[in-house]
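First subunit A sits with subunit B, and in the next complex the same chain sits with subunit C.
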Partner chain A sequence: MKLSTYNFLTSMAIKGVKVGFPLKLTINKKEVVESEFNPTFVERMLPKLDWSAVYGAAQVAELTDDIPAVQPENIGENELLMQKLHHLLFEIDVLEGQLECPETGRVFPITDGIPNMLLNEDEV
Partner chain B sequence: MHVEETQQKVNKAKKADKKQRRCLAIIKNDCEVSPSDEPTTYLAILNVGLSNGLTEECLLMEAAATGGKVIQVVMLPGKSYCFLICASLEDSQHIYEGMHNISTIGQQGAVAYLSYVKQLPANAGKSEWNKPLPNGLHVIADFVSEEEESTLLRAIGGDGRTSEVTGTLKHRNVKHFGFEFLYGSNNVDPSKPLEQSIPSACDILWPRLDNFASTWDWSSPDQLTVNEYEPGHGIPPHVDTHSAFLDPILSLSLQSDVVMDFRRGDDQVQVRLPRRSLLIMSGEARYDWTHGIRPKHIDVVPSASGGLTTQARGKRTSLTFRRLRNGPCDCSYPALCDTQQTKVPQELTASLVAQAVTLEQQNVHEVYDKIADHFSETRHTPWPQVAEFLDSFEPQSVVLDIGCGNGKYLGCNPLLLAVGCDRAQGLLAVGRRKRQNVFRCDCLNVPVRSSSIDGCISIAVIHHLATKERRLSALQEMARVLRPGGRALVYVWAKDQRKNDKKSTYLRQNKAVNKERTTEQQQRQRQHQELEQQLPNNNPLPIHTNRTEFQQQDVLVPWKTKDEQKTTYLRYYHVFEEQELENLVSQLQEVQLIKSYYDQGNHCAIFEKISKNSL
Partner chain C sequence: MANWRKFILWFAQEHVDFRVQEFESLVKMFGLQVRLLTEQTMKPFWVVEFRDTDTALQYASRSISLRAMFELYAHSNKLPEFHQRLRNHITANWNTLVEYFRVESSFKIVVETYNKHFSQREKVEKIESMDYLPIEGPVNLKNPQVEWWYIEFWGLNPTAVPAEPEDIMFGRLVAYGQRHLIKELSLKQRKFIGNTSMDAQLSLLMANQAMVRKGDLVFDPFVGSGSLLVSAAKWGGYVLGADIDYMMVHARCRPSRITQKVREKDESIRANLKQYGCADRYMDVVVADFSNPVWDPRISFDSIITDPPYGIREAMEKVEKKISLKANTRSDNMVHYPSTSHYSLQSLYGDLLVFAAKHLKLAGRLVCWLPFHSEDYDPKMLPQHQNLILIANSEQQLTGKTARRLLTYEKCSEYSPTEPFLGSTTQLPTLSQDFRDRYFNNALESRKERRVRKAEVRKQAQVEMNARGKIPSDGRSKKRDLNKARFV
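Then we have the complex of A and B:
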C-alpha cells in the first residue's frame, strides 16, 4: 500500500463511526520503490489529499523532519519539499502493517501490501 | 489423329488408375475394406455414393444393363462410394467390365470407377432408420388424396392470392392464417387475430383424426403456418414455443417428400415425411424433442431392399396446424419449456432477499476466490469504451475502480492516480504483483472518504448483487465517494445479448452454434442432463447455458475450470433489462445521468455527481 492510497482510506462504514479518519497506521515492513519524480503530478495531487493524513503518514514513516505539520503556502515553489512528498506518497510501499479505526479500535491488517478493509456483516 | 486417340486412351486409363488408387485408400482408411486383385462377388463403386446423390435405382439399372445380377446394394450415409454384392463371380465380372471407367452415373455425368474388394464394411446395414420414433410421434401416410392436395394448395393461396400476412425468412417462404407467428419472439399475439382464418378447405382433415384426438387438448386448430421449401431450403432444429401452442402440433406435407431430424440431447432420429402424409407431434415429441430439416437438395432414405438410397427433393409445402395456448405451459418437460425456464416464482424473489448475503458469499465471492487465476487469464484486454472513459480525465485525477478484479484497468491511463478495490483476495494478489494500488473491501461499504474521488468505474460488478436494494446502494456508494463534478461509469451484463439483431461477442463465441452443428436449445438440453448429475437438486436458481441467450434475470452461470477435474462452479448473476440501470441511477441522490449505452452485451451508464453550486 502506497501512502497516497492510505490518504483516502476511512473506517466510516463501521456502525456508529462518524469520521473514521485518519486511520492509525502501523508499518511493520516497508519497501521503497523508486519512481520518476514529476513535480506537476505531486502539486496537482495535493489538493485532493488530506494534509493531516499526509503528516501522520510522515510521522509513522519517520520522515517528520522532511514534512511540516501544516501545509506551507506556495508549496509548488518548494521543489525540495515536493521531492520529499513524492518519496513519501509514491515511493514508500507498506508491505506488512495495520490500519486502526480511530474511533472503535477495529484493526485492518495489511498483508503482502494489500490492506484488508472488508467488514463483517454485523459491523456495518 | 490415330496417334492422338491412342494417347488419349492411355491418358484416360492412367487417370482412372490414379483415381482408383486414391479412392481405394479412402475406403481402406474409412472402413478397413481392402481391394482384391482376383475377382470377388463384392464390388466397390469408388467415387459415387449417397453423398453425391447416387440412387439405388440408378445404380441397379446400370448394373442390370451389363447383364450382371446384383443381390444387394450397400450405401453408406455421407460417403462418396458404395458397394454391390453380386450373385456370382461371373455376374461380378460382367458388371466390372461393363461399368468401370464407362458408366457415367457420377455427378454431372462423371464416370464411375470400380474395384473388386475382399470384404464389405463391418457396419454396413446398420442405420439410423432402425431407431424407434420419439414417443408421441406419428406419421400417417396418404392422409390426403392427390385431389385434396390440389384443393388445399389452392385454398392457401397457391393460385396467387397474397392478402395474408407473409414474410421471407432466410431459408423459406412463410404465410400465416388465424394468427401471425412472430419470429422475433417465437410466439403469437393472441390479442391480434388475422382477418384471414384457417381456410375452410382444411376442415376435411379434422374428422380423420378422431382416433387420436380423444386424448388431445384440442379438437381443431386456430393457427396455420404455411412454409414453402424449395430444394436446398431447411429449417433449423427448434421446438415450437411451449407457451404459444397446445399439444399436439400437426404438420401436413404436400408436393414433396422430405426427411425431418428429431433430436433430444445426443439422441437423433430421422423421420421420413412422405408427400401427402400428416405428422403428429404430441407429448414428448412435441415438448422434449427438437425438429428441423437440413438445407439439402437430396435426402438419404431407406431403399426398397433395406439399404439406403438417395432421393432428390422437390418443392415442398408444409401446413402446420396449431392451437393457441393463451397461458403458461404446464408440461412435464422443463428442459425446453419457456414457461418453466423464464418463470421467476414469488418464492424466488423472496428467497433472493432473504438469502442475498449467503448467495453472494457462496456463488460470487467463494467462486471468484477459487477461479481467480484462471479468471484473470481470461481478463486482460481492456474494453475500448472503458479505456476511453479513463482517458477522458484530466491528468493527475484520482480514479477508483470498484471491483477491479486483476486490475486490468488500473494501468490503462498512467497519468491518473488509479486505485482499485475488490472483494476477491486472489484477484487482488494478481493486481498487486503488477505493483498496482489495491485494497480489499466489498462494493457496498467502500472505505474511502466521501467526495474525494474524481472518477469511479464499476465494470461487471453490481450484477453480482442479489437484490435491487443492494444494487442501488452499491451505486449510491459510488456517488458518495465522488467529488462534485466527478463522474462514474457502470457496466452490467445485459439480459438481451443482441442489439439490432446483432449478436454480442458473448453469443458470437458460441462456436458450435455458429457452425450450425447445434442449437442453443440443444446445448441447454445437454447441459441440463450433464449438470443434473453434478449438482444438488435444491438449487434455487436456473442454470444458464453459456454463450446462449438469457432465459431470465436471476441465474447461475457456470464456470468450468481448465484443469483435469473440469469442476463446474456457478456464479450468481442478475442480468439487466433495458432501462433498468438508468432507472437505478435516477433514484440516486445528487447525481445526474450523463449518458447510457449498450456495449457488447452490457448495459452501461455514465453519471455525474452534481456540484453543490448547481444544486
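Then we have the complex of A and C:
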C-alpha cells in the first residue's frame, strides 16, 4: 500500500463509526519502489490530500525531516518538497503492517502490500 | 490557421457498434474540429474532414477501431468519374502534392478491394489504369517513402456482391490506428489473468470511452485481475482498484489457464503493469466490499472504468449482516473470512451510480458493462442518476439470448448528500437478480441437452472424416487429457 492510498482510506463502514479517519498506521515491512516523478500529477493530488495524514504517514515512515508538520503554501513552486512528497506518497510501499480504526480499534491487516478493508458480517 | 483536409478512415469491421462512440469520445477528449462526411457509419470506410493534419494524427494516435487513415485524393462511385476527379485533384493541389511525386521519393501503391477478391494480375491492371499519375520516383515495395492506397468498396454482404463497386477511393497513407496494442496487450501473453479478464481490444475501447488522459486518476471498484487497469495505465492513467475477492486480488485463486496447475508466486496486478512498462502508474489495489464505503469523500477520480460481476463467471457478493451468529465459531485471534451474501444487479448498479456521482470529478466519466437478456432490452431499464448523463450505450452480443451494453456516463452536476436520489435503478424485472437464474435455468436447452447435442455433432463429423479417409488430429483429446491432469 502506498501512502497516497493511506490518505484516503477510512473505517467509516464500521457500524457506529462517524469519521474513521485517519487510521493508525503501523509499518512492519516496507519497500521503496522507484517511480518517475510527475510534478503535474503530484500537484493535481495536492488539494485532495489531508495534510495531517500526510504528516502522520511521514512520522511512521521516519521521513519527518522531509515533510513539514503544517502544510506550506505554494507547494507547487517548491520543486524539492514536491519530489519529497512524490517519494513519500508514491514510492514507499507498505508490504506488511496494519491500519487501526481510531474510534473502535478494529485492525485492518496489510499483507503483500494489499490492505484488507473487509469487515465481518457483525460489524456492518 | 485552419487547413481543412479530407481523410479516409478505414475501420476494422469488429465491434462496429462501438466505433462511432469511440470517435466521438476522442474528438471530445482532444477537442478536435472535425466534419463527418459519411452518413453510413456502419461502413468500414468513412470520409472525414479534419481541421488540419495534426488534428487527424491526434485522432489516430488513440483510436482502437481505426485500421489506417489516408489523405483523400479522390473518391466516387463510378469509375470514369473517379479517374477524372483524381486527375483534377492532383492538378489543383499540385503545389502541396508535388513532394510525393518527386524523383527522390520512393513509392508503393496498395490495392485494397473490400468484399471482393481480385487476382494479383487484376490488381496490377487497376494500378495501371492510373498511369496518368505523374510519378517520378522509384518503386519500393518494402520500405517506401510514400504509400498510396487504391480502395474499392464492394458492399458488406459477401453473398450479394454488387456488380459495380459502391465506392472507389484513392489516398496517401498518413497513419495507422492503435490496433497493434490489441496484440501487444493480448491476454494470451499476460502474466496474471482471471476467468473474467476483459480482452485487450474491449478494455482499450473502454479506456477511450472514459477519455483517460496522461496523469489521470482512474479507479476500478471491481478490479478482479486488473485487466481494465492495464489499458487505462497504457494511456497514461494512474490506476487504483478494489475487489471483495481476497484470493483474486492476491492472485491466489485457481489459475484460469488450462495449462497451469498452480498460480506462480510472482503473479499480481502490479506484475501485469510491469509487463507493459506501466509499473510507474500502479497506485494500489485494496480488498474491499463495494457496498460499504471505504474511501474518504475527498478522493476524486477522473474516471471510473469497471466491469461488475454478473453472477455467471464471478459471483455477485457483498458482506452482509447475519442475524444468527453462533457464539463459538470464532475467536478473536482467528483469521476470519466474512460470509458474503448475494448482491443483486439492481442494488449493485444503484450503488455504482451513487458512488460515481460522489467520487467523479465534474465531467469525469463512468464506463461500465450492463448484462441483460436481449429480448427484454428497453432503454428505460438503464440505470439513471440525476448527477450523471448517459452519453453512450452500445451493445455486444454474448450468447444467443444474452448481451451486454457498454454504458458511458458523464458527471454533469455536483453531488449533494442532502438531495434525495432521483434516478432509477431499473425497476423493471428484467435487469434483475434473475439474470443469473435465467441464464442458467431458462435457456432454450439445458446444459446437458447441449452437451449431448454437441457430442452427436462431433461424432457425425468424425464419421464423415473417416469416410473421407482423413486422420483426425488429436487436438481435442490433448486438451481433454490436459484438463484431466489438472484435477488429479
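We adopt the following convention: the second predicted complex is superposed on the first by the 124 of 124 C-alpha atoms of A that agree within 3 Å, B and C clash if a C-alpha of one lies under 4 Å from a C-alpha of the other, contacts with A are read in each partner's own complex, and residues count from 1 in each chain.
The rule is simple: contacts are C-beta pairs under 8 Å (C-beta built on N, C-alpha and C of every residue); 3 or more make two chains touch, one makes a residue touch a chain.
The shown structure was predicted, so the numbers you read here are calculated from the model rather than taken from an experiment.
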{"item": "Subunit A as common anchor, with subunit B and subunit C clashing or fitting", "value": "clash"}
{"item": "First, second, both or neither for A:Lys29, with subunit B first and subunit C second", "value": "neither"}
{"item": "Partner chain(s) touched by A:Met12 [first = subunit B, second = subunit C, both, neither]", "value": "both"}
{"item": "Partner chain in contact with A:Asp122 - subunit B first, subunit C second, else both or neither", "value": "second"}
{"item": "Contacts of A:Phe41 with subunit B and subunit C, given as first, second, both or neither", "value": "both"}
{"item": "Contact residues common to both interfaces of subunit A (with subunit B and with subunit C)", "value": "1-2, 4-5, 8-10, 12-13, 21, 33, 40-41, 44-45, 48, 50, 112-119, 121, 124"}
{"item": "In the complex with subunit A, residue positions of subunit B that touch it", "value": "357, 395-396, 398, 400, 417, 419, 421, 423, 425, 428-429, 432, 435, 437-442, 444-450, 452-454"}
{"item": "Contacting residues of subunit C [partner subunit A, same complex]", "value": "215, 217, 238, 240, 242, 244, 246, 249-250, 270, 279-280, 283-289, 292-296, 298-300, 319-322, 325, 336-339"}
{"item": "Residue numbers on subunit A that touch subunit C, as the complex places them", "value": "1-2, 4-5, 7-10, 12-13, 21, 33, 35-36, 38, 40-41, 44-45, 48-50, 90, 111-122, 124"}
{"item": "Touching residues (chain side subunit A, partner subunit B) in the complex", "value": "1-2, 4-5, 8-13, 20-21, 33, 40-41, 44-45, 48, 50, 108, 112-119, 121, 124"}
